[in-house]
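Structures incoming, each one as C-alpha cells.
First subunit A sits with subunit B, and in the next complex the same chain sits with subunit C.
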Partner chain A sequence: MTTSARRSKRTEALEQRPVNLDGFVEEWPEVGMVAMDSPYDPEPGVRVEDGVIVELDGKPRAEFDFLDQFIADHAIDVDATEQAMAIPAVDIAHLLIDPRATRRDVLAVTRGLTPAKLLEVVKTMNVVEMMMALQKMRARRTPANQAHATSARDNPVQVAADAAEASLRGFRELETTLGVVRYAPLVAIALQVGAQAGTPGVLTQCALEEATELELGMRGITAYAETISVYGTEPVFCDGDDTPWSKAFLASAYASRGIKMRFTSGTGSEVQMGNAEGKSMLYLEIRCILVTKGAGVQGLQNGSISCIGVPGAVPAGIRAVLAENLIASMVDLECASGNDQSFSHSDMRRVARLLPQLLPGTDFVCSGYSSTPNYDNMFAGSNVDAEDYDDWNVLQRDLQVDGGLRHVPEAELLAVRNRAARALQGVFAHLGLPPITGREIEAVTYAHGSKDLPPRDVLEDLKAAQSVLDRGVTGLDIVKGLDAAGFTDMAHSLLAVLRQRVSGDLLHTSAILTPELETLSAVNDTNDYAGPGTGYRPSGARWEEMKRLRHVVSAQNPEREVG
Partner chain B sequence: MADTGVSTRRTLRLDERGTAGPGSRTDEVVIGLSPAFGDFFTKTIVDIPHAEVLRELLAGIEEQGVHARVIRFRGGSDLAVIAHAAAKLSGSGIAVGVLSRGTTMIHQKDLVRLSNLELFPQAPLMDLDAFRKVGRNAARYAKGESPEPVPARNDFMARPRWQAKAALLHIKETEFVVPGADPVELDVRFQLADAG
Partner chain C sequence: MQRRCNVTPLTVPGVTTPSQVDLDPGRDYPLAARRPELLKTPTGKRIDELTMEAVLAGEVAPEDLRIAPETLRLQARIAEQSGRPQLAQNFRRAAELTALPDELVLSIYNSLRPRASTKQQLTDIADELESAYSATLCAALVREAADVYERRNILAS
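Entry: the complex of A and B
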C-alpha cells in the first residue's frame, strides 16, 4: 500500500481501535504455526496385538517417541480402542452433543481414542457444538473459579489482602507466583493466611520451579499444585529435563501426601519453543492431555495458558483453545480452563474469548482470574482482572450463568482485607519474620494495587524467606501462629485444609472444598447434564446472590438502590 | 514497550576464539549469547541493536570493576540452558544469558538450571537502561554482594502484541542450534558505523 495515498476517515478510526494492537500472523504449518487444521497431522488409526498397541496413528511401535509409547501403554484403554476407533469421528461428535447420550456413554468411547482420532472428532464441530459438549462433559456438576493473587513488589501483605477479597468474592482456588522467586515462602504463607480470611476452605498454590513447589506443598505451606507442565513433543519435554515418566513420578509424590495436583499444558507451547515437529498446535496439545491421563493425574490446566498469544494470532485459534478444554473433559479430567492470561487489547475480543468456557461452565472457568489490577499480575496479566469484577457479575446476571463469583458490599471487603493483613501480622510475629506495620495494614485495607502500598524492606524479607526454608516451617506452624494471634476461626479453617491430605479426599477428580469445609468433587457432585431442565443451573439462594450488583434500583423505592 | 532510541549506530563484530573453558578469575561474569545473537539476528524484538545490548551489559559489569567474558552457546536456544551453561564456566559462578529477541537471565552455577537469580522474561520491555542494570547486578553478585533485584517490569499487553512474533523469532533462532556443540569464546569489538 502506498503511504502517500489519502486515507479514509473510517480507516483512520479503525486504525485507532485497540484490536489493531493485537498481533496476528499467517499460518505456517511446516513449523506448527497452525491451530488445528494441518496437512502434516497424522491420520487416525490403531492396531493391537496380544494386548499391546503396536501401531498408533499410522506409526509402528518401533518408531514411537516417548509420548507415543506413554500414551499407547498408559492412556488408551487397549480393550476398548479397536471398537472405539471403528466409530466414525462424526458419530462420536454426535454422541457428544446428543443430550440423551450420557457423559458415561461418551467416556466409554473416548477411553479408546488415539490423539489423531480425538482431533478428527473435534474438527467436525463448530464452537457452539463444542460448548454443548463441554456442558455435558465437565466433570464436576457445580462450576467454580480460580484467581491469581500476586504483587509487582512481591508484597506479602498485599497478597494476603487480595487473597481474602478473592476468597470472599467466591473463588475456590487461589494461586500466586513471584517476581523474585526467593520471596516465595513469605508470599505463599500470605496467600494461605489471606485465603482463609474470606470464606473458609479456599485452596492455595504457589507456581514455582517444581522441586520448590513440591517442598512447599509437602510442608503444608500450599494446599495444591498446578504448575507441572507437560509438552507435546519430545525435544520440548527434554528442554525441561523431563519425560512423561518423571512427571508421573512427581505426580505420585504429591499423591503420596494426599495433595491435590493437576498438570498444565496448552496449545502453542511447542511452536513457541521452536520444536513443534510440524504438527498443529491442537494435535500436540491432545498428546499432552493423554499424557496427563496416562500419568493418573486427576486434572489439567489447559486452554493455551501462557502461550495464548500464539493460537490467538492464527485463524481458528480460539476455536482450538475451546477444543482442548473439551478434550480434557472428554477424557474425564478436571479442566481448569485458561482465560488466565492477557489476551487482547480489545474488550470485545476478551469477552468473546471467555464465553466458550463461561457459558457451558467448566471446573474452573478461569485458571487464574487476576484478583489484582493487571499491573500487579506476575503471571504477566490475565484476561480478566480486579477491574472487571463488576462486568463479570453483570454477565452472570444477564445470562444466568454461574461464573463462580458474587458482588460483595465494600464494607465487607474492607473488613476481610484488614483482617487478613492483621492475621498475617500475627503469623509473621509468631514466626519471627519481619514486622508488618499498622501503616501497612491501613494502606492495604483500602489499596487497589502495589502502587498504593508503602514499600517493604526487601532484603530483610528475602533473608526471612530463606529462614522459613532453613527452619523447616510448616503449615502447622502457620495454624499455631493464627491461633496464638487470636484468629482461631482461621486457624481452624487452615487446619481443616491441611487435614484433607490425611483423608485424601482432594485427590478425587475436580475436588474443591465448600465453605462448610466439605469436599465437592466429580464423585459426590457428578455432572448429570442430560439436556434442557437437567444439570447445574443457578437457582435458589445462589441465583438470588447473583442478582445483586453494585447499583440496582430498588423496586420498592426507585429513589434508592439495593445491594 | 521499550524505548528503542539509539543515537549512534554501532556495529558488532564477534570473532570466535575456540572452545570456551572454565574461568580462573573469581572476579568475572560470563555473558552467554544465544546461537544467532549478533549473527543472523542483529536486533531484539523491539529493534534494539545487539551491539547496544552487549555494550550496556558489558558497561554494567565493568563499572563495578568486574571482568567480563563473552561466549556463544550453540547447543540450545533455551535461555535457562544458555545462562546456566555460562554460569558453570564463570570463575565467579555468575553469568548473564541473553537471547536474540532480548529475553535475559542472571544465573548462578549452584542453582538448579530451571531456577535463576533474576529473570527478565518480557523481551519487548528490555531497554538499554535495563540491560545496563542487569550487567551491574550480575557484577555485584559476582563480588558476593546481595543487590536489590532490578525492578521487574511488567506489561501485561506484551503478550497479545508480541508473543506470536516471538515464537517466529524463536523458531528461527532454534534453526541455528547445533546439538551438543561446545560453547565458544568470543572476541567482541564495537565499531562506529560511518554516519554517511
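Entry: the complex of A and C
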C-alpha cells in the first residue's frame, strides 16, 4: 500500500475513535508479555516429605527462590496440599461456580493449592464463570468502595472537602498521596478530618514509602495502610527494597499498633520492572497473592493497579486482571479490586473493564475511585472519577447492583464540603498551622478541582508539615482540635476510629466501619452466597436510596423532578 | 468519670490469660461491642474509659490508644477459629512487638531489607528480640530470613 492509498470514510471515522489512542501489543512470552498463558509457566505439582514441601511446581527445594520458599513454608497448608493437588483443575473450577458448594468447601481445597495449580484452575474459566465464582468467594458479604482524594497542588483544603463529599456519597475508605511528599502530614490530617464530615467511620490512608507510611499510622494521623507492595520475582522484589520476610515483619508491626493494613500487587509489575523471568503476568501475580497469604496479612489490593496499561495491552489481559481478584478471594483474602489507575481513552472500554468487579461485587470495587477531576488525581488518574459519579449511580440503578455509592443532592454536598473546610480551619488554628481563609472555604465549597482554589503559601505549609512531625502531633490532637473548634460530632467519630485500634476488631479480614460505627468484616458478615435468592442483594432502604438520581421525573407529573 | 472508681478489682494481673477466656467468633466478635470487659489498653485502662470527656480532661495519652498483647492474642484465637491460621500467627507476632518502641520496630524492618544486614547482624537482632522482649516468634522469623538471605545471596557484603 502506498501512503496515498484512498481510505474509506468508515476507516477515517474509526481512526478517530478514542479506543485507537490505546496501546496494544503482540504477546512476547520470553519477556513475560503474556497475560495468563505462557509456555514457560511451570506445571503444577507438589511433593511433601516429613511435613515439609520439598518440591513445588516441578522445582526441588534446593532451587527454591525466596518466594517459592516463603509460599511453601507459610502459605500452603502442608496437611491439605497433596489431596487438594490431586483434584483435577476443572473439577476445582466447577466447585467454584457450583452454588451448592459453599465458600467454606472451596477454601478447604484452595488452602492446599500451589501457584501453578491456581493458574491452571482459572485458565479453565471464562469471565462469566469467574464473576460467578467471585460473587461467592468475596470475603465480606456486603460490598464497599474506596476513593482517592488528592490535589495537583497538594492543597489540604481541597482534600478535606473532597474527602467529605466522597464520604457522604458512600465510600468507606479514602486514600490520598502527594505530589510533594513533604506535604504528607498536612494532607493526611485534612483527609482524616474531611472523611468524618461526611458519614462517620470512614477510614483513611496516605500512600507513602513504607517506613513513613507506618510512622503516620503509628501517630494516628491515618487509620489504615495499603501501599505495602509485593512482587512476583526475586529480583523485582529486591528492586522494591523488600523481601517476603521484611514485608511479613512489617505486617506484624502494623498489627502490633492495632492498625489495619493490606498488601498491594498486580499483574504487569514484573515485566514493567524488567524481570519477569519469562513467566505469565498472572502466574507471577499468584505468587504475590500467596506471599500475602503466608505473611498473615488480611487482604490485598490487586487488579494490576498502577501497571494496568501492561495487561491492558495484551490479549485476555483484562480477563487475567479479573482472575487475580478472584484468586485473592479464593484464598480468603480481602480484595480491594483495582479499577483505579486510568488505562483507556475509550468510555466503552473503561466500563467493560469495571463490570467484572462491579457486577459480582468485591470487598472494595475500586481501590481508588477518583473523587477529583482527572487532573487532580496524583495516582496518575483513575478509571472512574468525580465526573463519572452520575454514570456510576445510573449503572447501579439500571442493574440493581451495589457499587457502594449513592446520589446526594447538591445542597447536602455543599454543606459537607463547607463544613469539612471549616473544621480543618479550626484544627489548623488549634495546632498552630498556617491559617485557612474564609475565601478558601468559600471557593472549595463550590469547587470542582484545584484550579478553582486560591493558591496557598506552599513554603509556610511545608514548614508547618515538618513541625507536625517534629512536635509529635497525633490523632488525639486532631480530636481535641475538632472539639475546640465546635465540631464535637466529628471529634467523637474520629475518636471512635482511633479507639478501634485498642480492640483490634478492624484487623480481621475485610473489616470496615459502618456509618453507625459498627465493625463489619468477614467474621461477622461472612459472604453466604449459595445461588439465586441468597447472599447480598440490594433491598429495602438501600435499594430505595439507589433509585434516586440527579434527574428522575414524577410518575404522576412528568413536569416534576423527584430527585 | 465516676466509673473510673470501679476499675481496681478487675485489674488483678494473671487471673485470666487470653487462652483461658471462652471465645466464640459468632457470639463474641466484634470484641469492642460484644466483650468490652476483655479489652484493656496496655496502660491498664478499660476501653469504655476512652471517652471524649477523658480526652478533653487530658486523661488519655497516645499510649492509651494502643492495642495490648492480650487483645492481639484474643483476636488471634478468633482468626484461628475462623479458619485463618496465618492471620492468627501474624497477630501473635504482633503481640510480641507491642513491647518494642516504634523506633526499634522501624529499624528492625529496615534491617530485614535485602542486602541491609550481615548474617551476624540479623542473628544479633533475633537474639535481642528473644532475650530482651521474649519475642520468640519474631526471632524465629528473623533467623529464618537470615538463612534464606544467605542461601539466596542477599546479605550485606
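Criterion: the second predicted complex is superposed on the first by the 562 of 563 C-alpha atoms of A that agree within 3 Å, B and C clash if a C-alpha of one lies under 4 Å from a C-alpha of the other, contacts with A are read in each partner's own complex, and residues count from 1 in each chain.
By our rule, contacts are C-beta pairs under 8 Å (C-beta built on N, C-alpha and C of every residue); 3 or more make two chains touch, one makes a residue touch a chain.
Because the structure is predicted, anything quoted here is derived from the model rather than measured.
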item	value
Subunit C versus subunit B on the shared subunit A, clash or fit after superposition	fit
Once both complexes are placed on the shared chain, angle at subunit A toward subunit B and subunit C, C-alpha, multiple of 10 degrees	100
Which of subunit B and subunit C A:476 touches, first, second, both or neither	second
Subunit B versus subunit C as contact partner of A:498, first or second or both or neither	second
First (subunit B), second (subunit C), both or neither touched by A:275	first
Partner chain(s) touched by A:211 [first = subunit B, second = subunit C, both, neither]	both
Subunit A residues touched - subunit C or subunit B, whichever exceeds	C
Subunit B versus subunit C as contact partner of A:524, first or second or both or neither	second
First, second, both or neither for A:152, with subunit B first and subunit C second	first
Touching partner for A:241 - first (subunit B), second (subunit C), both, neither	both
Shortest CA-CA distance between subunit B and subunit C [superposed frame, angstrom]	10
Set intersection of subunit A contacts, subunit C complex versus subunit B complex	210-211, 241
For the subunit B and subunit A complex, residues of the former touching the latter	76-78, 81, 112-116, 118, 121-122, 146, 148-149, 152, 154, 156-168, 170-171, 173-175
Interfacial residue positions of subunit A with respect to subunit C in the complex	65-66, 69-70, 73-75, 104, 107, 210-211, 214-215, 218-220, 234, 237-238, 241-243, 245-246, 248-258, 293-298, 332, 474-476, 479-480, 483, 488, 491-492, 495, 498-505, 507-509, 518-519, 521-524
In the complex, subunit A residues that touch subunit B	21-25, 28, 31, 33, 152, 179-181, 209-212, 239-241, 268, 271-275, 306-310, 312-314, 341-345, 374-375, 377-378, 380-382, 458-459, 462
Subunit A partner contacts - residues on subunit C that touch it in the complex	25-26, 29-33, 39, 41, 47, 50, 52, 55-56, 60-62, 64-68, 71-72, 74-75, 78-79, 82-84, 86-91, 93-98, 100, 102, 105-106, 108-110, 112-115, 138, 141-142, 144-145, 148-149, 152, 154
